[in-house]
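Right after this note come the structures.
Shared chain: chain A. Partners: chain B in the first complex, chain C in the second.
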Partner chain A sequence: MNAKDLKQSRVQLFRDAANFKRTERIPHFANVVTWKVFDAGYTLDQAMTNFDVLEDTVVKFLERYPVDGLMDVGIRNQFTVTEAFGQGGYYYYNEEVVGIHDHAHCTVDTLMDYLDDPAKYAWEVILPKKYGESWDEKGLDVWKKTFSEYMRYVKYILHMSSVTGKQYGLPSLSPNNPMMGAIVLGIEELFSNLLGIQQLSVAMRRSPDQIEEFINRWDAERITPAIEKIRNGKGPNYKYCFDSSILMLAHNVMNKKQFERFYWPHMKELLDAYAEKGMNVRIFTEGSILRFADYFKDYPKGTLTFHLEQDDPFAFREALPNVCIMGGMTTDLLANGTPDECVAYAKRLCDELGKDGGFIFSEGKMLSYRNDANRDNYKAVCDFVSSYRL
Partner chain B sequence: MGKNEFKSYPEGYQKLMKKIVPWYFGPMREKMMRLLLTILTDG
Partner chain C sequence: MIDFEALAAAMGELDEDTVKEILEAVDSAGNAGKAMEACQKGMDTVGRLFEEGEYFVGDLIYAGELMTDAVEVLKPYLAGSESAGTKTRMILCTVKDDLHDIGKNIVRSMLEANGFEVLDLGIDCPAQKVVDTARAENIKIVALSGVLTLALTSMKATVQAIRDAGLDVKVIIGGAPVSAEACKNIGADEWAHSPQKTVDTCKAWAAEQ
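Moving on, here comes the complex of A and B:
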């Protein structure tokens, strides 16, 4: 099969699984990020700003492991751009770790200033605060160098899309291209960037009206137009494994009352639009989602696929039989088990969760650190899943 | 190091955008600048 046909057959396999159709085999979307750097014999500091090395890690991974999709094709981190601008980025790396410092662009009192004009706020508040005194020294030469790195990064993304798609028949996860407008709910933006974990947790208790006002305005300006676009669109786009990929993380710091006020109304409106159009949505539920399962129980099979991180997949299937499960394989087992133990668990996942569709094999946690998986275990699992016939 | 002569908004911002994104016009130029800004603020 040529790469183009292979790519399309893989998309069909993911779509069939998401739509609870019986498939000949279970598709495997590898949730592998920086682990593949170590697996290819590099350390992170050798790879993060070297596109040739990053490409090599992806190629080596795809040559060794027979997977149907790959979460990161070496393009997740933009260190070349931020480093060209100078010291002070929130993301950092060393030989073994890529991390991010918790940060907050706003206080509760400045959230509306941000919404009034995000570019103005970034220019006058965020960048001067983030870069301190060096902001005064960002002359034209620094900006030109940074923009040049940005363009090089964009070209690299296109190049890697070509390498993975045209050479290896690897489909893209979803059309969440930032140029097309990635969908981020207001509450998640508050959690990740604008207030940070600590401020948001406090603000939901002390300033709930201000949080609600922000979320309502954010979603009216950003989510409502996206919903209109979905409703006026053609429905599923089989160029991708899913029609949308959404991240849920902020729910982890909420109780049910807060979830009902700040999260669910906005999420529901979005998911309802996807359901009406018969589209497949993947939601990466970082942390645990099981205690909020009831909110999702009325969606028809085929709408939702939950990529589980910490939840037990068998308990999740009991709670939400209408939702396709992505994930299941634990890094604990991949790191500490034997190849036989790993394959036995992979078989159980496929047999019990995927017999009638509704299951996509993946790793719950993003494989990031050196010890997130033993390579012999991972190889045994990939070989098993790709060849196992239901 | 140079001096940041683009600190004012919107004048400095617009002036910089025209200097570093010269071959795009209108909304595309604005979009490219916004994406760069997102990387620099969030990254």
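Moving on, here comes the complex of A and C:
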């Protein structure tokens, strides 16, 4: 099979699994991020700023492990752009570690200023906070240098898309949303960028009306138009495994009342639009989503796929038999088990969760660090999943 | 007349305005001590409601802020008084190579609310610093926090360093990546995802001392 046909057959395999159709084999979406850097013999600081090294890590991974999809093709956690912009204390990395500090660009009182004009707010508030008074003098030069690095980065992304698609038949997971960018609900923007975990947690208690006002305006300006485009669009896009990908992080700090007020009404409107058009959505959840399972129980099979991080996949299936599961393989086992133990657990996952469709094999936690998986274990699991026939 | 029951209830309900209002009436070491006990009782309620699923992580962060503010108000009255009492001292830190501090800070505020004196060694804490502090301060309980899977490696190194140093110390590990399997592999005495379990475990260990 040539790469083009292989790519399309994998798209179909993912779509069939997500749609609870019985498939010949279970697709494997490798939730591998920076672990592959170590596996290819590099350190993180060698890879994060060098596109040639990054490409080599991806190629070596795809040559070694027979997977159907890959979370990161070397475009995540690279630092040429952020360093040109003056990385500051946001990201940190060394030979073994890469991470992000919790940060906040706004306070509750400045949220509306940000919404009024995000670019102006960034130029006049966020960047001077980072660079101090000298920002006005050097701002344009920094911007030019950053833009130049950004264009190199875009070129690399396009190149890697071609390498993974045309040489290895790897499909793209999902298209950009109709608004040309990731779908980010207002509450998620507050959590990840504008307020951060600490401030948002306190603000939901101390200033709930202001939080609600921000979310309503954010979603009216950004999510409502996206929903209109979904409703007026052609429906599923069979060039991709999923019609959309959504990230859920902020639920990890919320109690049920807060979820009902700040999250669910906006999420529901979006998911309902996808369901009406027969489109499928992959929701990547960090932490646990099981305590909110009831909210998702009425969607028809084929609409939702949850990529689980910490939830027990068997308990999740019991709670939400209508939702496709992506995930299941634990880093504990990949790191500390034997190849036989890993394969036995992988077989259990495939047999119990995938015999009637509705299961995509993947690793629960992103494989990021050297000890997140033992190479022999990972190889044994990949070989098993790719060859196992139900 | 200060209504300490109302203070405990307000803290448990995370009713900031009422907590502040009641604390404004504190004017002596005697009622400051009782106010502190009421706040601690309220924090017990917070922990229970977390265990029951009514509260979640954001509520614990908020409760930590309320408790910190309350301690600031009461501290001047409590300094040197009998109410300050003798507390069990313990170490808490986020392990080497992990810079996450929110979970650690939640646990610290709940431990302090339950009467522990917490030596917070901060984030990215080397194993040797834990060993040196435990030895110098005669610490018997250590709580290691982490969010990254990488933290498991550092937790293992820290527990190993504690054991190699021959210290008689109980170790609990906590945070997203820990599990029963990880606990066994790391050689810790206990593990927890929930801050309340951490508190309960440390209280049990303190009672054994």
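Note that in this section the second predicted complex is superposed on the first by the 375 of 390 C-alpha atoms of A that agree within 3 Å, B and C clash if a C-alpha of one lies under 4 Å from a C-alpha of the other, contacts with A are read in each partner's own complex, and residues count from 1 in each chain.
Rule of thumb we're sticking to: a contact is a pair of C-beta atoms (placed from the backbone, for glycine too) under 8 Å apart; a residue touches a chain by one contact, two chains touch by 3 or more.
If you're wondering where the values come from, they're calculated on a predicted model, not measured in any experiment.
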Touching partner for A:332 - first (chain B), second (chain C), both, neither: second
First, second, both or neither for A:204, with chain B first and chain C second: second
A:122 touches, of chain B and chain C: first, second, both or neither? first
Touched partner set for A:130, first chain B, second chain C, both or neither: first
Which of chain B and chain C A:52 touches, first, second, both or neither: neither
Which superposed partner A:109 touches (first chain B, second chain C, both, neither): neither
Which superposed partner A:150 touches (first chain B, second chain C, both, neither): first
Footprint overlap on chain A, where chain B in one structure and chain C in the other make contact: none
Sites on chain B touched by chain A in the complex: 1-7, 9-10, 12-13, 16, 19-21, 31, 33-43
In the complex, chain C residues that touch chain A: 14, 16, 53-59, 61-62, 65, 97-100, 102, 148-150, 152-153, 176-177, 179, 181-182, 185
Complex interface listing, chain A residues touching chain B: 78, 81-82, 85, 89-91, 105, 119-120, 122-124, 126-128, 130, 134-144, 146-147, 150, 178-179, 192-193
Touch list for chain A against partner chain C, complex: 92, 96-97, 99, 101-102, 197-198, 200-202, 204-206, 252-256, 258, 287, 291, 310, 331-333, 335-336, 365, 368-372
